[in-house]
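You will see two complexes here that share subunit A, one where it goes with subunit B and one where it goes with subunit C.
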Partner chain A sequence: MPRIRPSTLIKAYQENPLLPLLLKECRTLESARNELRWLREHALRTSQTRQPQTTTPWRTYLSSICRQRSRGYPLQYILGDQPFGDLEILCRPGVLIPRPDTESYVLQAAKLVEQIALEKLSGNKEDKEDKEDSDTTNVPQSKPLQILDLCTGTGCITLLLHALLSPRFNLRITGIDISPAALSLARKNLAHNLQAGHLTHRASTDIKFHRADIMAVNPSSNGTPTIENLLGEYVAAEESDHDHERDQDSSPRELECDLLISNPPYISTADFRNGTTARSVRLFEPRLALVPAPRPHLTTTADVRPEDIFYDRILDISYRLRSKVTVLECGDIQQAERVVSMHTSMAPPAEFRVQIWPWAEEDMAFYGFHSSGGSRCVIIQRV
Partner chain B sequence: MSQFRSIPRAIRFPLTQPSLQHRSFTQSHSILGKKPLPPRLQLKDEDLSISYLKGTGPGGQKINKTNSAVQISHKPSGIVIKCQATRSQSQNNKIARSLLADRVEAHLKGDQAPSRISIKADAAKKKKASKIKKARRKYRGLEGENAEAEDGSGEEGVLDADAGGLEGGLGDGRDATASEGEVQKVESKKNLPVKGKEESI
Partner chain C sequence: MLQCGRFMRQPLRFSLQPFLRRSLHTDLGVSPVLLTRARLLAAEHAKLSTRLADSFDAKIAKRAGELAPSAAILKEWDTANESISELKALLEDPETDAELHSLATEDLETSRQALPSLSDRLKKSLIPRHPFADLPCLVEIRPGAGGDEAGLFAYEMMRMYMTLCSRKGLRPTILKQDVEDGPSEDRLLEAVIEVEADGAYDILRTESGVHRVQRVPATETKGRTHTSAVSVMVLPSFPESGSASDHALNFDDPTSDYYIDPQEVRVEKMRAGGAGGQHVNKTESAIRLTHIPTNTVVSMQDERSQHANRRTAWQMLRAKIAEARQEAREQELVQLRRGAMGGVAKMGRGDKIRTYNYGQSRCTDHRSGITLHNLDDVLAGGDGLESVMDSVRTWISDREVEAMVAEEMAKAEEQEKKEAKQRKK
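== the complex of A and B ==
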């Protein structure tokens, strides 16, 4: 990390004595100024809402949160939320903060799912009138899209997908996480965004959050349900919903999933320690959500790296669910390529179209991705 | 509104008209007679190039970035707006778009026709002039009082400084105009180099 020049520090101090504190974490004057503005707004807002006798004056509070920030404490934990698309996601210590990269992946995944679903709809409706095609925009009467979000954390992916897709489709979205803290926050986020009007009222019935350990094969001793139990329920619920349709269907037992999306822990223990992972993330965000815990009992196919074990498992789940689209966030291009080769070794490549996104220059420029470093996602599409 | 409760309904009804609206004595008359701004220029999507500047380097879980600046350029005129007023990308996008539309309108109309920007600037100028005038009037009055009683002057100074500090603190990021100012400042700095870049391409 390059040293901050003393002249910059002096300049910052002359502008505002709190700026040098923020520079320690932000590194550039521009972003330090932004953070100071947001922190000041927050300090003023809290001082206005609370009773004046019980709290410290806002200036004192502001300097205390600036000092907290200079130690690397995440801005989102101080402010309490993070914008994600048009949603406002609450953030609490112990749950991973949503990243802007993830936002881009969700937008891309929603676009793809929408495109596929509309193609299918128009294919089904060819024999009907053209009028009905335009009706699909406001009458989501079709069969609900099944979406599964593994390692949901704050629930940001689940909620944003609902916000993006609910105007055109019926949805059934399931968010799964192992952490009880994450799940309770995810449910809080659902209620919070419903109340704020960022989500339609359908969200409360369309979205379900469940606790499960997706890595566990046998039911574990501490009573955490495995993904197997949950998938059993998932299928049962779906079958009971479509009992009447299913009677005529030729394949009543086939699982269905239109989109399986996941942002699993993917940082290697080496990258966690060697400075690649930022201090703020390393010290204050939950390791559970960042570094895959070693599973000695889990003997997967020989040469899966410890940081990739989640992908191995999630790919397996995606084949069993016959997921139409699978979107997996990865730490960098190398990891994304490893996931692609894992996929090609596990499934017949002819049935799938695989891409690493963003790949095209204009996509990277548009979404602000670094051309060589930085995160990527793998999109697997069943054709 | 409690003082109007005894007024019969038939008379109360026209109070909703702007000319008769209930107003406090501190409200200046010019606010009531304010004309709406002309509609904002609609920019074509194909003329814009948007980029979300997330900064460089590894992203994803390894880094927690708080910067969500959006930069929009209007290709025909070469005007570039960068906005980082809020933490939300979509919000920044909306703000940058409306600022850009105003800028492009002013650019197209030039100095002759009144644009949204020039109307706003005129209004701000007028408001400032009236504020200065009022302040001058107030201090002239105070000086008169001070000549009579000297003790009051110190207290007065402290009070005014406090009021100024509060105003500055509140106005800094809360309302849209302040953040617009911030954005435009950044934009004006960025404007020249980006223009140059475009020419070189």
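== the complex of A and C ==
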């Protein structure tokens, strides 16, 4: 990281004595100015809403949060939220803060799912043309899209997918996480965005958050359900809903999933320590959500790097669920390529179309990714 | 004669006089070319109305709605003319008795008085509507020459338009407010106000241009008066993508005049390289768009969400390019007309349009020539500002009528020439 020039520091100090504090984290004057503006607005707002006698004056509060920020404490934990699409996602210490990269992947995934579902719909329409065009007008009455979000954290992906897809489709979205703190925040976020009017009222019934350890194969001793337990229930619920349909096709229903999306922990222990991971992230965000914990019992994954173990497991789940689209966020292009090769070694490549996104130069520019070190996602599509 | 008499009787209330004279100084009659145009439009309106009675079509209904006012005014104008000629006949008739005679004289007087305003309205209804007239708008305010003082005045102008818009119920929001480096909040580098109400473009388009301020700035120590400038640009704000029912304004449609090819726009996120994703938590959300062919640059950093900044930046880029394209088209028309009109009547955005003089507490608009000696009220976005804007609107429509007459006359001449040629053959 290049050193901040003393002249910049002096200039910042002359502008506002609090700016040099913020410059430590922001590195550029423009971004420090913006942060100071947001922090000032936050300080003024809190001083207005709280009882005046119990709080410190807003200027004192502002300088204390600026000092906190200079130690690397994340802005989103101070302000309490982060915009994500059109939603407002609450952020609390102990739960990973949503990143703009993830926002772009979710928008792309929603676009893809919508495209596939509409193609299928128009295909069905051609099959039974005598039924008139009733099924295009009644889209929300059609069979719900099944979406599974593994490692949901704040619930940002789940909620944004609902906001994007609910106008045209019936949905059933399940968010899964191992951390109880994350799950309670995810539920809070659902309520918060419902109340703010960012989500339609259907969200309260369409969205479910469940606790599960997706890495555990056998029911673990500490009582955390495995993904198998959970998916067993998930499928059972499905079948009781569709009991009358089962009579028609006598074969047992297969597990189904239209989209499996995940932003799992993917940072290697080396990258966590060597400066690739920013200080603010390393010190204040939960390691659980960043670095995959080593699993001694998983002996079969000898050729899988420790930072990639989640992908190994999630790919396996996606095959079993016959997921139509799988979207996995990766740390950088090398990791994305490793995930692709894992996929090709695990499944017959003829059945799938795989891409690393954003790959094309203009996509990267359009969505603001930098071509070398930036994150990517792998999109696997069953054809 | 008659017009002079009318002016003598009318009390001159305040200093609106110069603009009043200008606006009414159009000849009593409507020139024949305009009348034929009006008749054509009225005929079209009648035809469309009968067609609408049979079957409803949104497009036809829209066109008919546009034509309705001129058709109605033409009818009024016709009845007024008819009644005048009837009254005249009555007066000339020697058999009319004295009582009826005096009544007819009175009636004739009132009808004649109504006629000029009617023909004025008729002319104005013939002006083709501005393509952006129904849209909401963005108001961009930037300081020009004059350093700090220009920035300070730009801030005051922003407040002026904010209060004007909220007073008129036009829902203004500040999209962007960049202030100069330094401790003060009130030295603007650039501000953009979004005025969400439909038709706001038409209301505010009188404000595009360079505004000049003459005063002793707060930063001046020796009491000298400075002159500085602030430029204001009123841009159309397009509705969110796809929802636009109007084909011509749908910017997603490649055949539309206002379409922007995404390939021609360079997007820069002002963010350094390095790791991304979970590795970092950058709060930098600024974004910059560059339209390469025209080198139009828009940057946004006000919101914490990159998504929101990107959307606003695109909205502003579209607005700027649409305005520039519209301007270019108007310029072309001016070039075409120049022969007929003998000069340029249009004031571009580069022209000085208004002066705010603090020493004399005066606000003068250089287009309509109006001067108000109540600067405080103007700067507070009050009735003063509105009356200035009204006078400019009248001025603009007068210019448009002139241009239209010139154009129609040129067309008619050409038509005649063609016919003459054919006859020769």
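In the analysis below, the second predicted complex is superposed on the first by the 366 of 383 C-alpha atoms of A that agree within 3 Å, B and C clash if a C-alpha of one lies under 4 Å from a C-alpha of the other, contacts with A are read in each partner's own complex, and residues count from 1 in each chain.
Everything below uses one rule, namely that contacts are C-beta pairs under 8 Å (C-beta built on N, C-alpha and C of every residue); 3 or more make two chains touch, one makes a residue touch a chain.
Everything numeric here is computed off the predicted structure, so don't read it as measured data.
In this overlay on subunit A, subunit B clashes with subunit C. Contacts of A:44 after superposition: subunit B is touched, whereas subunit C is not reached.
In the superposition on chain A, contact is made by A:82 with both subunit B and subunit C. Applying the stated contact rule after C-alpha superposition, one finds that A:194 touches neither subunit B nor subunit C. In the overlay built on the shared chain, the residue A:97 is in contact with subunit B and with subunit C. Once chain A of one complex is fitted onto chain A of the other, the partner contacts of A:15 are limited to subunit C, with no touch recorded for subunit B.
With chain A used to align the two structures, subunit B clashes with subunit C at 186-194, while the other stretches in 78-86, 186-194 or 240-248 stay clear.
In the superposition on chain A, the residues of subunit A contacted by subunit B and by subunit C overlap at 26, 30-31, 34-35, 38, 74-76, 82-83, 85-86, 96-97, 99-101, 103, 263, 265-267, 271, 276-278, 280-281, 285, 289-290, 329-332, 365-370, 373-375. Touching subunit B in their complex are the following residues of subunit A: 26, 30-31, 34-35, 37-38, 40-41, 44, 74-76, 82-83, 85-86, 96-97, 99-101, 103-104, 263, 265-267, 271, 276-278, 280-281, 285, 289-290, 329-332, 365-370, 373-375. Residues 50-68, 84, 86-91, 169-170, 172-174, 182, 186 of subunit B are the ones that touch subunit A when the two sit in their complex.
Put simply, subunit A touches subunit C in their complex at residues 11, 15-16, 26-28, 30-31, 34-35, 38, 74-76, 82-86, 96-97, 99-103, 263, 265-267, 271, 276-278, 280-281, 285, 289-290, 329-332, 362, 365-370, 372-375.
Those residues of subunit C lying in contact with subunit A across their complex are 181-183, 262-263, 266-287, 301-308.
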